[in-house]
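Heads up, the next two complexes both have subunit A, just with different partners, subunit B and then subunit C.
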Partner chain A sequence: MNLQINGQNREYPSPLTIVQLLDQLDLAIERVVVELNREILTADKLADTQLTDGDTLELIQFVGGG
Partner chain B sequence: MQIFVNEQSCQAQTETSLYGLRDRHKPDADLLIVNGFPVSQDQPLKDGDRVTLIKRGERPSAAELEALMMARHTPGVHAKIKNSCIGIAGAGGLGSNIAIALARIGVGRLIIADFDLVEPSNLNRQQYFIDQIGLPKVEALRDNLIRINPGVQITSIQQKITPDNLLAHFSAVNVMVEAFDAADQKAMLISHFLRSCPQTPLVAASGMAGYEASNSISTRKVAKNLYLCGDGTTAAQQGRGLMAPRVGIAAHHQANAVLRLLLGEEPE
Partner chain C sequence: MDQLIIAGRTFNSRLMVGTGKFASNQAMVAAMENSGSEIVTVALRRVDIDNPADSLLSHIDRSRYLLLPNTSGARNAEEAVRLARMARAAGCEPWVKLEVTPDPYYLLPDPIETLKAAEILVKEGFIVLPYMPADPVLAKHLEEAGCATVMPLGAPIGTNRGLRTRDLIAIIIEQAKIPVVVDAGLGAPSHAAEAMEMGSDAVLVNTALADTPDPAAMGRAFRKGVEAGREAYLAGLGPQRQKAEASSPLTGFLRNN
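Showing the complex of A and B:
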């Protein structure tokens, strides 16, 4: 299936949950904000959310400091 | 014609000059500001001009203070922001600087949350003083903000912000600001806030440690109603600290993003 991640089109085998995608991308779940098709998801929803062909994701990784 | 003198509407003759106006309203004024900019020569005035007359060193009354404080604003800005309410989660290097910038420009209300106390290692970048060590940050910051602008309403919350109490404090703000230190707290606040309040813009920060180039810090729109200030990558870690200049740059990116949102402009 095709996913658009941060503006880039990429192919992934399905089924795939958001947690599995973040694992593959080596992103720490607790430090990422996920927007799926223009809607923000909270961390507790990421394991249950299956991705489907054509989904658009913004993955925003945070670093510490302030 | 109509002229605003220290924010009060006044009728003036069409041929009135700046010095004529001063002589009539405040002959001892030695700082004259016209439409947000100080001037040192007499000039003709036109309908709708905003003139501020200040005697240097004189302490204004509480009623006058607000108008005099806003004299250097771009005209029209103050009226648009004085009824706004801004939430700030975190009163450290980012939050204390953002709060001061927003108080100086006269936003109406600030809701500021932080559970922590002022300690010596904060003083390299946070807007506190040595005699405030040991005080709750939200109390110390309120004291400092009131000394800057007593017209701002401040709600101080000394509490750790969690998904459970977040909305009770911040659901009614016009713009929300993420100003935490830890990356997981940033992500928690942003995802829970925008999930529940998708129509309220949120200004966050990530990546402002060390002494990398100033211009690597930017403001970007990264999701619907989510604006991110910082370089996105330089984490605070062993060997790379957090210091006043770069944290201040990121904080003021955030404060300006808030101001732009209040004025109906895109922050990016």
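Showing the complex of A and C:
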């Protein structure tokens, strides 16, 4: 299935949950905020949410800023 | 003890610091520690999924600093609200430094979109600290919208040019019933001291600490500037005069007339 992650198109085999995707990207759950199709997901939903073809994800983290 | 109170929360330091543009996380932490600050700002950006850098938060002691996420990068109210909600979803307390800067050259805050975003975020329960043009009328509108502070700019972000908006900030201070935090453009401890001497409640500094060969020392210097300015404000500055007024006695000199 095709996922758009932070503006980039990527192919992943399904089924895939968000937690599994983060694991594949080597991203700890605690450090990212996940927005799926413009909806913010709280941490408790990440393990249960299955990704489907065409989903758009934003993976956001804190960086230095003023 | 002279404490700063924002939205019912008490702080001993009147210096907030930003975490952007430091050459290393070590330099950032040293500047933060020496500044005595208790509030540090952070930004939200996309993860580089091909090359996830180490997490900024692992360098910030959350028991010591209140994390104040900003909405930098937002060009309108909708984007700012989206960023604020993301920050809250990340487990931050619902404090947000609201920034809406559509113009990339001067990064000046958009007053209309800032007010619009502030109204939405206050309704959603956020503690909103808006970065704003030094406009006393806008400051009143933001106060009435329920913002916790106003944060007028001294000069455009990152310019280090000091309190170019001094006269307007004086009016904002005179009229505000919420804390006034001068943000942006303060490049030297003397600028911070000047803002505090005028009666600002706090200042926020980033570039001046990050863009120096010695952020640790500059953090300490700004701490002293802010403390000196605050103490002078509380003491009360003496009046200014056009003509000299001798400090030494005018009588008893070595002559007879």
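Just so it is clear, the second predicted complex is superposed on the first by the 62 of 66 C-alpha atoms of A that agree within 3 Å, B and C clash if a C-alpha of one lies under 4 Å from a C-alpha of the other, contacts with A are read in each partner's own complex, and residues count from 1 in each chain.
Just so we're on the same page, contacts are C-beta pairs under 8 Å (C-beta built on N, C-alpha and C of every residue); 3 or more make two chains touch, one makes a residue touch a chain.
Keep in mind that this is a model prediction, so the values were computed, not measured.
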Discussion item. I'd like to know which partner A:E39 touches here: subunit B for first, subunit C for second, both or neither.
Written reply: first
Worksheet item: What is the contact status of A:V19 with respect to subunit B (first) and subunit C (second): first, second, both, or neither?
Response: neither
Item to complete: With both structures superposed, pick whichever of subunit B and subunit C touches the larger number of subunit A residues.
Response: C
Item to complete: For A:L27, decide between first (touching subunit B), second (touching subunit C), both and neither.
Response: second
Worksheet item: If you stack the two complexes on chain A, which partner ends up touching A:M1: first (subunit B), second (subunit C), both, or neither?
Response: neither
Worksheet item: Is there a shared patch on subunit A that both subunit B and subunit C touch, and which residues make it up?
Response: 30-33, 35, 40-43, 58, 60-66
Discussion item. For a test of understanding, state which residues of subunit C touch subunit A in their complex under the given definition.
Written reply: 18-22, 28, 41-47, 49, 52, 55-57, 67, 69-70, 72, 85-87, 89-91, 157-158, 184, 204, 206-207
Item to complete: Please give the residue numbers of subunit B that touch subunit A in the complex, ascending.
Response: 90, 92-95, 163, 179-184, 186-188, 190-192, 194-195, 198, 204-209, 222-224, 226, 228, 232-237, 242, 247
Worksheet item: Which residues of subunit A touch subunit C in their complex?
Response: 5-8, 25-28, 30-33, 35, 40-43, 58-66
Worksheet entry | Complex contacts: residues of subunit A adjacent to subunit B | 30-35, 38-43, 58, 60-66
